[in-house]
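Order of writing sets the chain letters: A, B, C, D, E and F. Residues in each chain are counted from 1.
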Amino acid sequence: MQFLFRHPLILSSIKILVVFMALSGVVAYLVYMERKVLAFMQARLGPMRVGPWGLLQPIADGLKLLLKEDIVPARADKAVFLLSPVISLVAAFSVFAAIPYGPGGWTITNPNIGILLILGLSSLGIYGIILGGWASNSHYPLIGSLRSAAQLVSYEVAAGIAVVSVLLIANSLSLVVIVNRQQQMGVWNVFLNPVAFVVYLIAGVAETNRNPFDLPEAESELTGGFHTEYSGFRFSLYFLAEYTNMVLISSLAVVLFLGGWLRPFSSLRWLWPLDYAPVVALVGAGAFVLWLGLQSRVRGERMFFAALAILCAALAGVVGIPLVLSSIQGVFWLTVKVLAVLYAFIWYRATFPRYRFDQLMTVGWRRLIPVALSSLIVTATMLIWTGYRVVPLLAANLLAGILTAWMVSVRGAGNRSRPTREAI
Amino acid sequence: MTLPQATFLILSATALLSSVMVITRRNVVHSAIWLIVALLSVGGIYLVLQAEFLFAVQIILYVGGIMVLFLFVLLLVNVDVAMRQALFSRQWGVALGTAILLLAELVYGLWRGQAQPAIAAAPASGVSPGNTQAVGMALYQKYMLPVELASLLLLVAMVGAVIMTQKRFE
Amino acid sequence: MNDMLRKIFLTDLLKGLRLTFSYQRPEATYTEQYPLERPPVAERYRGAPRLNNHPATGETLCIACNLCALACPENLIVVGWERTADRKKKLTTFTYDLSRCMFCGLCEDACPVDALELTQDFEIARYSRDGLIWDRQMLEEGPEPTRYTR
Amino acid sequence: MTETTFLDANELVINMGPQHPATHGVLRVKLKLSGERVLGSECVIGYLHRGVEKIAENRTYAQFAPYTDRMDYVAGVTNGMGYCEAVEKLLGVELPPRAQWTRMTLAELQRIASHLLWLGTHALDLGAITPLFYTFREREEILSIFENYCGARLTTHAFRIGGLQYDLYDEFENDIRKFCDDFLLKIDEYEQLLTTNRIWMGRTQGVGILSAEDAIALGVTGPVLRGSGVRWDLRKAQPYEAYDKVEFDVPIGEHGDTYDRYLVRIREMRQSVRIIRQCLERLEPGPIFGKVGKVIKPPAGTEVYHSIEGPKGELGYYVVSDGTVNPYRVRIRPPSFVNLQALDKMIRGHLVADVVAIIGTIDIVLGEVDR
Amino acid sequence: MTDELKSPPPGGPAEAAGPPTAPPIPAVTPPAQKQNDAPSLKPAPKPSVKPEPWVSPLVEALQERFPGAVSDCLIFRGQPYFSVRGEELIAVAEFLTSGEGGSYVFLTDLTAVDYPKREKRFEIVYQLYSFARNDRLRMKVLAADGEKVPSVTGVWAGANWLEREVYDLFGVVFDGHPDLKRILLPDGWTGHPLRKDYDILRQDTAWVRANLKIESGQ
Amino acid sequence: MIPIHWYLFLSAGLLTAGVIGVLTRRNVLVILMSIELILNAVNINLIAFSYYFHAVTGQVFAIFVITDAAGEAAVGLGLIIALFRNKETVNADEMDLLKW
C-alpha cells in the first residue's frame, strides 16, 4: 500500500483527480457566485429557488444543459464542430497541473519551465474558439471567432510582457520558485511592480473574454459570438472552459503577483494570529449560515442551514488541529486570494460597458503594451542598478507607469475629440 | 522497449500520419488542424529529447502563434472556392516521383550510416542539454549577434506584413 | 488635472466600481419574491371580472341593461335576459370572454349599478384558451385562487 | 462555408433581427457589410403590424382609447393623452385645470419611465448590464404610481376623452414627491456609471452623427432631433395642456451623436422632475371632467391634427369625423416610425457594434413602428 | 441636490450657437400666454362645428403663383388646410419649403383618407411644419384609384417611408418614389387594408395558407 | 535509449511529406503549411544532435528556425491576403503574373 502512494505516477494521478474534481466544483460554484454577486450589485437577490438561497442552482443548471437537445447545424463541419468545445475544455483544465496550490507537496508537477508551459497550454484553448466558430458555418459565430482570435493574440502579448517582469524579479520560470522568492523578499510582487500587475489583470480579463472585453461573445451584437450555434452539453463545455480560464487567470495573478499561498505579511512572526484565519473563517461562515437559517421561514431551509452550520463548526474543529492547520494554511490563503481576484472580475462585469473592437485593439496595443514594456525595462534596469530593493523598484515602476500611461493617453479616447465617420 | 522509446514511437507515428493528412486534405482548415497535431507531436518529441524550453517555444510560438495566424487567414480567405478546385497541381506526378526519390535517397543514406557507430554514441548522464538557463546563456552571450539579426528580421517581416495587408488607397 | 487623473488612474472607472460595490448592502435589494410574498395590488387594479351579488340577499346586482356589452371595444360581453311578468328585465346568462379582454375598464365604467367589477385578482394566466370564456356562475364565484407551494 | 467572406470585394449581407437581442423587439435590419463596416442597410418592419388605424374605424371614439396604449407600450399614458386631446380638440372641449395638471404630472412621469427603459436597454446593448436593473427599479416606482392611480401599469387607459376617469388617490402627491426627491439622486448614480466612463464615451461619442439638416429633412423629432442641436420641443413650441404655465428648459446636444442624445435624455428626465413638481404645486381640488356628452359625436366633415411631445418625439393624431360615433379615419403619426428612417443615414460607415448603439439611441418601440 | 438640475442654462452657448453646420433655426419661443390663464368654469364660447374659409397672405400668394391649383382653403380649430392639384404638387411643395412660402421645411406626416364614394377617392394629406413661423399647415392632394401622385421624397426626404406606408395600406402609387414597395405588410399581400371597402374580417386567406401553413382563422 | 537514427528517419519522413506538399498542392496556404513541416523536420534533427552531442547550439539554432518560421508565416500570409484581395484566389497555378 505504502509503495503505491510513493510511485510518482499513482500519486500524480490521485492529485490530478482531486484537482479535477475540486476544479469542477469550484467552477460550478463560481457561476453561482457570479450570479449572486452580480445580483447584489444590481439590487437583486439572484438565484433563490433551487435549494436554500439557490445553493443547488449550479446543479440544476448543469442538469438542464445536459438534458437539452444537442443541435448540430445542418451544414456545419461536423467533426470539427463536435471537437472544438473539447479542445477548449482540455486546454483550460490541463493548465492546472502546473499551478502550485501550496508549499511542498501541494503541486501536481513543478516543471522548470512552469510559466511557459502554462502560457503555452492556455493559448491552445483559442483553437476551440476559432474552430468552433468556423465549423458552425454561420455569420455571427465566424465574426465572433475572428474577433476572439485577434483579441487573444493581442492581449497575450501584453500579459506575457507583464509576466516577464515578474520572472526577472524571481529569476526563474518555476512558479514555486516565484512564490518562494516573494517569501524571501518579504513582499509580494504586486508591491514591487504594481504596473505590471494592473496590466496583467486587464489583459487577463481580456483573455478570458469577459466584460468589458467580451466582444467575441457580445450578446447584444453577435448574439453570443462563437458559441451561438452551440447548445446543450457542448455549450456547457464552452461555458465550463470559460470559467475555468477565469480561475486560471486569477490563480496565476495570485501566484505571480499576490504571493501565491503565502499568508499576508508572512515574514512578520508576531502576526501569528493570522495563521488561525481558516478556523475563524469557517466559524464565521457557520455563524452566517446560522443567521440565514434563523431568517428563513421555510422549515426545510432552516434544517439545511442548521446542518450547514454544524458542518462548518465540525470543519473548523478539524482545521483547528495544529497539524491540519499548518498543512492547509497555503491552500486556504491561495483560495482566499483567488476568490478576491475572481470577485474583481465579476465586479467589472457589473460595472462597465463593453469596448468596441477597434477600441479594444487600441487599448491592447497602444495602451497596455507600451505600459508593460516600460515597466519591464524599468524593472530590468533597477534590478541591475539597485538590486532587489523594494522602494527603488516600486518608485521607479510607478513613475514609469504613470509617465507611460500619460504619454499613451495624451491623444486618447478620453479627449473630447470626436472622430468623424470614415467616409465610404 | 522502454517508456521513452514507446513515447517516441507513438509521437512520431502521430507526427507522420498527421503530416500526411496535412498534404492530402481537401479542406484547408482540416489541413491546418492536422498540422497543429503534427506540431504538437513534434513538441512532444522535443520533450523526449529533454528540450523543455524548445517544447515551450514550439507550443507558444508555433502552435499558439503562427498557427493561429494561419487559421485566422484561412477564415478570412474563401475556403469554399479553394475546395471546389482541383487538389493537386498539374505536375503532381513528376513532383511526387521526385519527392519519393528524395525519401529513398535519405532512407538509404541513413540506413547505410546506421552501421557507423560514431554518431550514435549514447549521451553521458549528467547535465541535461535541455537546460533552459543554458539555452538562454548561449542565446544572449555566444549568439548575441544572430539574436539581434533575427529580431531585425522579425521586425522587417512585421512591417512588411502590415504594409502588404493594408488596403490599397483607391 | 482632473482629466489627467481620470486618464491615468482610471478614476472614472473607479467611480462606477464604487457605486456597484455600495449596492451590495442588503437593504438595497429591490426584489419581490413573488410566489412567496405576494405584492400588494392597487385598489383600482383591473383584473379578473366579477359579477357582484347583493351582499345581503345574494341576488345579482345586474339589471341586464347591456351597457357593458355596448361599451366593450372587443365585443366580448354577451348579456342574456328575459322579461319578467312585470316587464322588468331579468338577467339570465352573462358570458365574458376573458381571452380577448384587454382590461381597459370601460365595461366597469359603463355599469350603472356597480354590478360588473374588475377585481384585484391578477393570476388569471392559463396555458390554454379553454375555460377562458367565463359564464355567469364563474363570474359570480370568481376563479379558484392560485396556491403556490414551496 | 458561405459564398462570401470578409475579404471579398463584394459585400457580405447580414441579417440583424428580427430575432436579435439588440433590435428591441422584432426589427429586422439587413446590413451590407464590408468586413465589420456597414455599407448600407435596409429596415424590414411590420412584424408587429396589427392594423390599429383600421381598428379605429370600427370602434367608437371612447372605445378606441385603450388601443392607443398598445402602440408605444412603454409610454401608454402619453399615447392615450395625445388621443384624448385630439378628440377633445375635434369636439372643442376645454379641460378643467385639475385634469390638466394631473395629465401633465402623469405624462411627465411616463416620459421619465420611457426614458428609463431606454437608458437601461441602451446601456445593456452597449454591454453595461447594471444600469438596466437600476432604471427598472425606478420605473417600477412610476408604474406603481400608475397602478395606484388608474389600476394598470403599462396599458394604463388612464384618461378619458374630456377629462379623467379617476380622481387622484390619497397618497398621490406624497408618492410623487418622494419619487422626485429620490429620483434626482438616482440619476446621479446612472451618470456615475456612464456619463464620464471612458468606455461609454468611447462607444457613444462620434457614433451615429445626425446633422440638424438631415434630422429635419428626415422628419426626425424628439430627443433625436434635439440631440442634433435643434431646440424644438412641442411643449414649448405649441404648448398643449398647461405646458405654457410651467418652467422648464429644453436641453439640446451639440454634436448630434449618440452621446449627446444620451445627455439630452438624461437632462430631460431632470426637467421632467422639475415640471412634475410645479404641477403638484398647482394641483387644486376641482372638477375633473370637461363638458362632454355621453356619446361622442364630433361634427361631420371636420378634421383635426393634434400632436404632443411624446417621450420618443412628436406623437400626432389626425382624426377625421363623418359625424357618426365612429371616427372616419384615425391616423397616428408614430415618432418611432419616422425616426427609424434616420437609421440608415446614421449607421453608414460604422461598425456592426455601433449599429447596436445607434438602434438603441433612436429609442424605437416596435409596437409603435408597426402599429 | 434637489434643485440643482444639471441642464444647460437657458440661453447658454449651446442654445446660441447650435451645431456649426446647422441651418439657422431660430429657437422657438412659446406663443404669448393665452387669455384664460386660469381656465375657470366660465362658459367657454360655443365651439364651432364646421370649418370656415381660411384667409391668409399665404393663400393669396399660392393662388397668385399657381392659379387654379389651390382650392378648398379652410380652417378648423385654428388648423388651416387646402387642396392642391396633383400636377402642381411638387411645385407647390417647393414653394412652401422656400423662405417666401413660409419655409415649411418639416414634413411631419403624410397619410391618406379614403372616400370611396367620391370621384377622386383618395385624399393624400401632408402635415407640414415651419420652424421659422412655428406654424402647421395641412396640404391635401386628391387622387382617383389608380391615379399616380408625384412623390415628394425629393422635397422632404422623410416622405420615403410614409409614402411607402400609404402605398401599402391604400394602394396609392407615388410617381418617382425611389423604392416603392410594401412596408408594413408582407410583400406578397394582396389588397390594401385601409381602404374602406377592405373588410376588416377578411384576411388574405391565400397568403395565410401559403405562408403560415394554417387555415385563416377568420 | 532511443537510437539517433529513429529521429533521423522521422525527420526524413516529415521532410518528404513537406516536400510532396510543396510540390504537388495548388493551394498556397497548404504550401506554406508544408514548409512548416519541412522546418520542423530540420528542428528535430537539430535538437536530436544537440541532445546527443551535449551542446545547446542545436537548440539555439532551432530557435532561430522557429523565428524564421514566424517571419515567413507573417510575410507569407500577408502576401496571400494581398493576393487574395486582388485576384480572389489562393491557387498557386493562377498566380503567374508578375503584376496585377
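Everything below uses one rule, namely that a contact is a pair of C-beta atoms (placed from the backbone, for glycine too) under 8 Å apart; a residue touches a chain by one contact, two chains touch by 3 or more.
Bear in mind that the values here come from a model prediction, so they are computed numbers and not experimental data.
Chain centres here are means of the Cα atoms, and by that rule the chain farthest away from subunit A is E.
When the C-beta contacts at C-D and at A-C are tallied, the pair with the greater total is C-D. Averaged C-alpha coordinates put the centre of subunit B at 71 Å from the centre of subunit C.
Inter-chain centre distance (subunit D to subunit F, centres taken as mean C-alpha positions): 62 Å.
Remark: subunit D and subunit E have CA centroids separated by 20 Å (rounded to whole angstrom).
In subunit D, the residues that reach two or more other chains under the touch definition are 1-2, 6-8, 130, 133, 137, 193-194, 197-199, 255.
Shared contact sites, meaning residues of subunit C that touch two or more other chains, fall at 6, 13, 16, 19-20, 30. Listed for subunit F are residues 81, 84-85, 88, each touching two or more other chains. On the subunit D side of its complex with subunit E, the touching residues are 45-46, 49, 51, 53-55, 57-58, 89-97, 100, 181, 184-185, 188, 211-214, 216-221, 228-233, 236-239, 244-245, 249, 251-256, 267, 270-271, 273-274, 287, 299, 301-305, 307, 314, 316, 318, 320, 328-329, 331, 333, 337-338, 340-341, 370-371. For subunit E in complex with subunit D, the residues that touch the partner chain are 1-2, 5-10, 14-15, 17-19, 21-23, 25, 27-31, 33-34, 37-39, 41, 44, 47-51, 76-77, 79, 81, 105-109, 111, 113-114, 125, 127, 131, 134, 136, 138, 156-162, 165, 169, 182-186, 193-194, 196, 198, 200. Considering their complex, residues 3-4, 6-8, 13, 16-17, 19-21, 23-24, 28-31, 33, 150 of subunit C touch subunit A. By the touch rule above, subunit F contacts subunit B in their complex via residues 1-10, 12-21, 23-27, 29-30, 32-34, 36-37, 40, 43-44, 47-48, 50-57, 59-60, 62-64, 66-75, 77-82, 84-85, 88-93. Residues of subunit D touching subunit A in their complex: 1-2, 6, 12, 14, 20-22, 36-37, 39, 123-130, 132-134, 137, 193-194, 197-203, 205-206, 209, 255, 257, 348-356.
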